[in-house]
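Listed next: structures, encoded as structure tokens.
Note that chain A is present in both complexes that follow, paired respectively with chain B and with chain C.
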Partner chain A sequence: MASEPAMPQPAAPQRSTPQRSTPLLAIEQLTVGFETATGTVHALDDVSFAIGRGECVALVGESGSGKSITGLAVMRLLGRRALVQAGRIVFDGADLLTLSEKAMQATRGKRVAMIFQNAKASLNPIKTVGDILVDILRSHHHGLSRAAARARIVALLDRIGINEPAERLRAYPSELSGGMCQRIMIAAAFACEPDLIIADEPTSALDVTTQQLVMDLLMTLCRERGVAAIFITHDLALASEYCDRAVVLHAGQVLEQGPVSEVLTSPRHPYTRMLLDSLPYGKDDIGQLKAMGGGLPDLRRNDLPCCRFAERCPQVEPACRGLPLPERRFGPTHIVRCQHPLEPSLAAAPRASAARAM
Partner chain B sequence: MRHKGLRILLARIATTIPILFGVVVVTFALIRSLPGDPAVYYASGPGAGPAEIEAVRRQLGLDRSLVEQFWRYLVELGSGRFGNSLQTGQPVLADFAQRLPATLELAILAFAMGVGTAIPLGILAAVKRDGWIDQLCRVLSSTAAAMPGFFFGLILIYFFYFLAGVAPEPIGRLPGWALPPPVVTGFMTIDCLLAGDVELFWAALGKMILPAASMAIFAIAPLLRMMRGGMIDALDSDYVTASRAFGLSRTRVLLGYALPNALLPVLATMGMVLSTMIGANIMIEKLFAWPGIGAYAINALIGLDYAPVQAFVLIVAVLFVLMTLAIDLISSAVDPRYGQG
Partner chain C sequence: MAAKLLELGAVSKVFDFGGGARLTAVDAVSLDVMPGEIVGIVGESGSGKSTLARIAARLMPQSSGNVIFRGEDVSGLTGVRFSRQPARRRMQMVFQDPLASLNPRFTAFAAIADPVRQLGTADERGNTRALVERAAQRAGLPPALLASYPHQLSGGQRARVDIARAIVLEPELLILDEPTSALDASLQAHVVQTLMQLRQTMGMTYIFVSHDLNLVRLMSDRILVMLKGKVVESGATAAVFGDPQHAYTRKLIAAIPVLGRRRAAAGGLRT
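Now for the complex of A and B:
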């Protein structure tokens, strides 16, 4: 991590809300289960949200809430035990779930790219970084020679501020730092100029300063090139700093979604409230810091309540367990799925990003 | 980076010397703790009395103290002499040189059969996990692991020679009627071809099938397990998911991104299997009357013929060391993480 990325300051201004009429990606009522020896894991339940072109949406929630599964479902890489029980994933007008494997393969990397939490492990340890990037580029540009592909990648790495790109390409992943590996992955993701990037906890494995560099790089590239991004994270501060909208997942259900400025400052769902209360940002003393109550329910249960948060919710009542989740709108894009949304007064709280730890 | 191979080579040589010394000591001690007295064995004739026995003992140097015998043995080894066989009367090395090609030829065919079966099956089992191929492989590898090679050899002989009559007589390298071709390489099949005798080539190859299959079955169990396990690990790895997510085709990912990584642990097992096939398939050679070094060594052992047994163990030990070294070097060439830390 020798170099400062030669990038303008990030913190791009919040964009005007993109046209709602034609989202780039619309996930509609997606329900996914996994067959295991001990029963079906009901991983995603009726998940719906959309992303406009060039928009950046944060997918937040605790570990195990279904964030990564949502991302992998879009890539259709859930593995052979997964069962998509219902729903559609409409990308640029076509349902990805009904595409042929060949068409899906042409979509992966080329139109939707994904980067992962552990960049070092995501790069084959016995291949040089250059060989991996060349393979990716050439799998989408038939007839491109290795030398030409390499030249394009060197130029790309150079453009995104990686020093001595040719030297880096000769290295094996184990010879590079985690931050450098993640920047290489970001380069790989942008190499084929996709419309959407799914970033699954891209900085969780990095130290805080590297985190900042990598996030700045990723988000600046997205903004500059008009690439939409799904940013999967459990770090609400990062989400509010870099994203336009947030989608809050809990146990495979979307409980609240809307602009980050609303969702992460004055949440209307008790779960979002709970997440924010457990963060240190903007709190004066430790008494204000509250631990998350309870844990995620066992998703193998067949008697899950309709609202899977019901068993942890401070204001639960019988309707929560028995009635389907209602959809309440508090603005053009602010949707809360709760029988008893919070009052805005209750929710007046410090911005999550106000005192971001640095 | 550039001198990693050299470093591994030096490190391996440094550890080899104590290993080989240990092998020499243990073999020397073990063989002398066997019941039986070579002097009595070789002096026994119609008129052998205590005087003759004592003369033989002195001639063999067995009247000296153990320490002195060991020292003399080391000095001989140091000057590259392995002694003479009492049974053949020839230098041990000459005996080995004469028999090694038979063992090698059989081992290579058996190794090819084992690897040729285990690698594709292991890959299929991993790709179609829990499918019928996987179940079949599980049964196959458990059976192969549980069954000694010579027992499998007996079963093969029973079915294919005795009952079905499709296999040739399980004795030696050539049918009884055949005259061996002139020895060029020592590899019977190759010598047959060099002599232009295609019919004899097929006969020689036919003779190798049953013993090679018996040896191969021993190799299949560990190779199959390693291949399946390595492939499953690779297929479940982050780098395979990531390369799929970047749009590489399933075949490309399987062959270019999962298989090479999965083969690394298999490579180590291959070395072990091949060394064992060359050095430790005494029972198979005995069973099929195969004139290789294994049969030679066991005859020497039964005949209390110290020099060939000691030489055999030492040669096999050197073979293991060389094989391990070769694997180290290949692995370090393929895997940049190998041998670091």
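Now for the complex of A and C:
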């Protein structure tokens, strides 16, 4: 797209170098609850992590761990029942939680874009894909004509390798494959030139081959344009392939975060270790698959232990239940919140075959 | 050599949409399944793997070809007509999305008891509670949950109801269509272990349809790779993964995410 203005950020983000100055996004001690008929769901507890410009951070954990809630909190799309009990979400110097709704609307979609799991379901079925995209673009670029918006989208789709883009734009979402819809949604998100993309399980509904196509597209666009990304997934291998850092959530708490090369190959938190052991990746035999004991605690409880993993943890000790989560650093950005982090040897032991091709 | 449990002979399925629009979803697929085997079927969405599973389970008639189950030609029997056959109870299917496949107005108990009611002998029907409780226990479903409706259960618990329902009459063949793809990794490991234990204790045979190649690799003795309705490659799992012959198989294997590997995404925009 030749006519597209250059991105204001430096084009080549420094991969794997932590941003020690001001991060693009800093979530600080975010605590969120939801009011329900049966009590308050303590969905997020003291969640803190930051993302530098152009950096890609994976949010990983089981269903119900608070990954999507964190993404929606940044977009301020939590809904009326949500109660932000504490914390700040500082985006480019401003706390999003204190912005007026009008100011938030100028940020949402334009500066922070979101991509959802099921692209087809999040598109209006009675509009053509082209009309949807033109509307999105024009709602953020006032004064852009329909024809100009359409031309811009056609050029972008063409550039990302979608054949006959004009033809695709005349189709309804139901007429396109899931992978095609998702690629078009990604193009739409980038058309607004955001600084940050939140991708919530963007490929979970797709086949492995389509998944690779979509992830390659998403990450190449991020890298080319210096766009930061929060990649929400429960696929740890996918996170390790494409992201710089990983943030491991469990029952609304960040238990471990750091470079993917450390967190996802030699984790120091027992939960991350157990999560990896339950995955078929790198195992040679079905017997090596270790199912994790227990489930997430009921987040409506008012007597949740300080470490919400305590009830599933094989190494639990009284301090886990009673003392606030300690913050232990194992590197400039590798932080483990655990009373008894794993030794590096133990952390790496069962994964001798992790780097093998299969 | 034991007799074949299931034989699919050049099975095809053509969907006719009228106006000359036709889709060959399954194209002359032949497959012999031996007792005790786990056969994995992999392929992308639209490759015909679920259609093939449904034909094997006699939920859908094939357009051409034969289906022989336990030596009996059941080619012309599907749905209700197949359910009148004594062989019907020897085969069960486990579906991808238990929330969609379980009747929302049936408790877990009623769902698991349904095959006994429909297909069981008079003796078994008189003994329903014991059979249901045994199946629930084998599938790892706590007895306290038998009174729950599907919406009151978690995804993992629903998957267990679906498995308990399938095994309540101790079938010989279980056809599993993406049984864990709606589940989290940690739950998936639980369900997979349950399935592997069941196979040991009950000596069952599995046809396991999945797009999760990692899981298929660990679970199956033999795999079939499907593309656009055709089997493009088949063989022992280790051989297919170790030395894939077809370009599509190689592409599938290359696309599996690997822990600790960096994917060089740059330049990958046009494929």
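By definition in this document, the second predicted complex is superposed on the first by the 332 of 358 C-alpha atoms of A that agree within 3 Å, B and C clash if a C-alpha of one lies under 4 Å from a C-alpha of the other, contacts with A are read in each partner's own complex, and residues count from 1 in each chain.
In the analysis below, a residue touches a chain if its C-beta (ideal position, glycine included) is under 8 Å from a C-beta of that chain, and two chains touch if they have at least 3 such contacts.
All of these numbers come straight from a predicted model, not from anything done at the bench.
J.: Look at A:S174 in the shared chain and tell me whether it touches chain B only, chain C only, both, or neither; answer first, second, both or neither.
T.: First partner only.
J.: Between chain B and chain C, point out the one touching more chain A residues.
T.: Higher number of touched chain A residues: C.
J.: Is A:R321 touching the first partner chain B, the second partner chain C, both, or neither of them?
T.: Touch status of A:R321: no partner.
J.: Touch test for A:G161: chain B only (first), chain C only (second), both, or neither?
T.: A:G161 contacts chain C only, not chain B.
J.: Just to be sure I read the superposition right, which of the two partners does A:S278 touch: chain B = first, chain C = second, or both, or neither?
T.: After superposition on chain A, A:S278 lies in contact with chain C alone.
J.: Would you sort A:H141 into first (chain B), second (chain C), both or neither based on which partner it touches?
T.: A:H141 contacts neither chain B nor chain C.
J.: Which of the two partners, first being chain B and second being chain C, lies in contact with A:A121: first, second, both, or neither?
T.: first
J.: Which residues form the common part of the chain A surface touched by chain B and by chain C?
T.: Common interface on chain A, chain B vs chain C: nothing in common.
J.: Name, in rising order, each residue of chain A that touches chain B in their complex.
T.: So the residues of chain A touching chain B come out as 75, 77, 101, 105-110, 113-114, 116, 118, 121-127, 132, 135-136, 139-140, 172, 174-175, 185, 188-189, 192.
J.: Quick check: in the complex, which residue numbers of chain A touch chain C?
T.: 62-63, 159-161, 177-178, 206-213, 215-217, 219-220, 223, 234-238, 240-242, 261, 264-265, 274-276, 278-283, 285-286, 289-292, 295, 351, 354-358
J.: Given the complex with chain A, which residues does chain C contribute to the contact?
T.: Residues 44-45, 154-156, 184-190, 192-193, 196, 211-215, 217-219, 241, 251-253, 255-263, 265-271 of chain C touch chain A in their complex.
J.: Chain A touches which residues of chain B in the complex?
T.: Per the touch definition, chain B meets chain A at residues 237-239, 241-250, 252, 256-257, 260-261, 264, 334-337.
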